[in-house]
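Take a look at the following structure, please.
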């Protein structure tokens, strides 16, 4: 007999997992969708977001505003997003170079960048895992039946929801959003119609970086960040993208949700199979529905 | 340009053998000066085989596998299991076993994956390789999990090498592998210059036209996939015996990344590419590993090579050698 | 603050070398206990003046750095202390540091240390995956190697059953799980309960599997098999998971009385921080064999009170009590002065390893009258007992587990201490090592399931329902 509280906690875990994975996967899909670049560097942007919060953001907030909850919730992730946007700007010329080049060039350049980022983290923040769980602890927990659930994670879920909404507005209701979507359908046609494609590409890369940085910034207080995290996240992010559909906005959400559900179910029933199962599902999807479960639509 | 590329596919066999001979001659001296670098050369010679296989798939067939660690893993675990459960430490049998197992696995997987190309093929291979990795990782009772399988020294032609000192043992490993690599280079040369090899190139260059002239693209790709897997499997078995330790690391995606990078470093559309790529890669890796920030060095190398010499080092060397020859001829 | 300064002042008075003096002096007497000291050789050959080279290999990145960094600091402190007092027989010690990573890479770096750096002795390793990989290589390359941790029973039971060149400082891994379980039974009064529901969460590799097996058999033997019920088991990959919330939910849902765990490094930090938010610690007692063992200032900063604080059956800097055991006090203060933090199990282990080498070399020199060959050093090490910061530590000379070091284990309850600003070990229970490890000369076979001698030894020799300590 499963109690109500248990069900609620599990659903809530699934949403938390979905939110975090979505914030990684959506940027990966944006860049693939528009530039046809499989960006192996992307998880490093998420990790950079984590490091920025732990090593810089929280410190700044506490020294300027003291240890109070609201600024700690809002400001560090924004600082993280800003830093990651700057980092994206620095590597942007490489993305221009890569667009239109072969898959192998893209894979190698972005993989090389991933390695460089990992060592830059080490150079700046050292080798030990970093944490900054002040916000997580101060936010406290909520009682659900016999269970407690951390309020901070609810904040992450809500933030992700708001971001989805804003992103949707940006992509569907603004001019640049229309250009981004148009470029993802046919970049040459978009250019022929007089759009500044380079600007579109820049916005795409910065937007992906912004989301990854914000995602990392939001995630960090509930966990910790360590060297090698980008490499661990990379394959997981790809599984999400493959399940949802490569380059699909909706797919990012579907993929994140399915991976989170799978993780919860395997840990409940057969914890030893956790790793294998998500890859097997990815293979099945590639075999039978290579366009992914996101409906195969780009947007 | 076309003429030169065409030449590059075929007539490289002799330069391969010359380079191998040079390395085989200088190896003892290098080992005597620095055993560490001697062992690095051992890695280099071992990896040539897998890179040859990878290059058949990528350079000649146009399929970029981002999961070649799968077959290195199959080869290594075949050797590991043969030792652990059957008590076999004959390196010849390990190699035969890994040829069989990687061919069987490649056939089963290939039936599905060679339907895909480009990024889908790459990711598909990545996902399958990761499944195998997670099985090695999780089936602790069978595979030893991350602790892996420890192996005794191999025996060769039925002769045990347990009593030897490490240096002699490593020399035997090195020359055995050099011998094997020489044979496999020759075989690969025959393969890429056979009608089959030319068909693969035709498919790579223009799939539609190949289909139009009646080539069974699917079957050809499947064959290339299986041969490629066997080559990687052999390297896997050799790596297992070189390290005398098999862990899931060899099947992890970072190993796949190594295969891709080393091959590209050497040059993919050139027969001697894998040989040069393997040595240069291991030298760069060992060199970089001596620094704390070796990933940074490695990453910068990768990007610089891709941008500055997209044809790979072998291509640059070739152009260089030919220009010397050319100018020499004019001068004479 | 004044307390700290006071300790530092006291330390200044000690710089003359109390630590080394005590270690070497007592060790000397221990070494020759029971046998008449041989007459020293008449002529002593001159000792080479070239420096000795030590190789140190430690986790410097990722989730293991919490262990690797103090280990390196412990070794470096010992080397600096020795150099400050003129080295070993006048020879200074130099050192090279290499990273510990996955088994294959670790072996490669080890080979570089031995073959290219030409080190004289080696101090290193934390992971239980790495010692069985490096052990055979150490024997093959014939290099005197002190493994600080990497405590798996397999190393000296099956991988290198008759070692010559490798030694291991930390207590054997089975002792870790057993002492944590015994500590839990004593400190949480589990003997009085009718039924104990147990959940397990351990990292997925040799160490975690081994800790799981030994904690479980100890509970089953001491409490009685039918009083123990396992309600959940999970083995997340080592340093592969940062979000433990799904595990935490499943553990709470299975309603255990105790949660047995050997998560360590970054994993245990992530786990307990996230578990706090879910109220896990109010619903069960957390029995960790290892959480307090390394870098407690970072690893267990705000760890909840009243749970079982395991230190890997090795060392916590408050014990043996400083006033009763000045060696520990001096070590803690020296370490604090050098590194600005308190020492822990890996730091103590690496520190002792370097002094073991020094002691053995000096003793061999006394007997032989010349700088000893590696075989002479090994002869001195075998069977030696020295007094380290954690108390007397003995190197076993005979099988099973030849070259394994033994010292009494300790386990206690966690309690936040405002003086230090992190959770410390209180209510210490000393677990005599001889009561929980396979005795010298015991001729059993390793249990087929768990793979260790200790498991069979408990199964065959312990009485059900009786506390052995």
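By letter and in written order, the chains are A, B and C; residue numbering begins at 1 in each of them.
Keep in mind that, in the parts below, a contact is a pair of C-beta atoms (placed from the backbone, for glycine too) under 8 Å apart; a residue touches a chain by one contact, two chains touch by 3 or more.
What you are looking at is a predicted structure, and each value in this text was computed from that prediction instead of being measured.
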From subunit A, the most remote chain by mean C-alpha position: C
- line: Two candidates, A-B and B-C; the one with more touching C-beta pairs is A-B
- request: Calculate how many whole Å lie between the centre of subunit B and the centre of subunit C, each centre taken as the average of the chain's C-alpha atoms.
  value: 41
Task: Let me have the rounded angstrom distance from the C-alpha centre of subunit A over to the C-alpha centre of subunit B, please.
output: 34
Task: Find every residue in subunit A that makes contact with two or more other chains and list them.
output: 122, 272, 275
- line: Residue numbers in subunit B touching two or more further chains are 137-138, 292
- line: So subunit C residues touching two or more other chains come to 60, 237
- line: Within their complex, subunit A touches subunit C through residues 6, 9-10, 13, 16-17, 20, 122, 127-129, 131, 133, 136-137, 141, 147-150, 152-153, 222-229, 232, 263-264, 267-268, 271-272, 274-275
Field: subunit A to subunit B touching residues, read off their complex
entry: 38, 94, 97, 103-105, 107-109, 111-120, 122-123, 231, 234-235, 238-239, 242, 246, 272-273, 275-276, 279-280, 282-283, 286-287, 290
- request: Using the touch rule from the top, collect the residues of subunit C that touch subunit A in their complex.
  value: 60-63, 65-66, 69, 233-237, 239-240, 242-243, 245-247, 249-250, 252-253, 265-266, 269-270, 273-274, 276-279, 298, 302
- prompt: Which subunit C residues qualify as touching subunit B in the complex?
  reply: 60, 102-105, 107-109, 111-112, 115-116, 128-129, 132-133, 136, 140-141, 152, 154, 159, 204-206, 209, 237-238
Message: So in the complex, the part of subunit B that touches subunit C is made up of which residues?
response: 34-37, 39, 137-138, 140, 144-148, 150, 166, 243-245, 247, 249-250, 289, 292
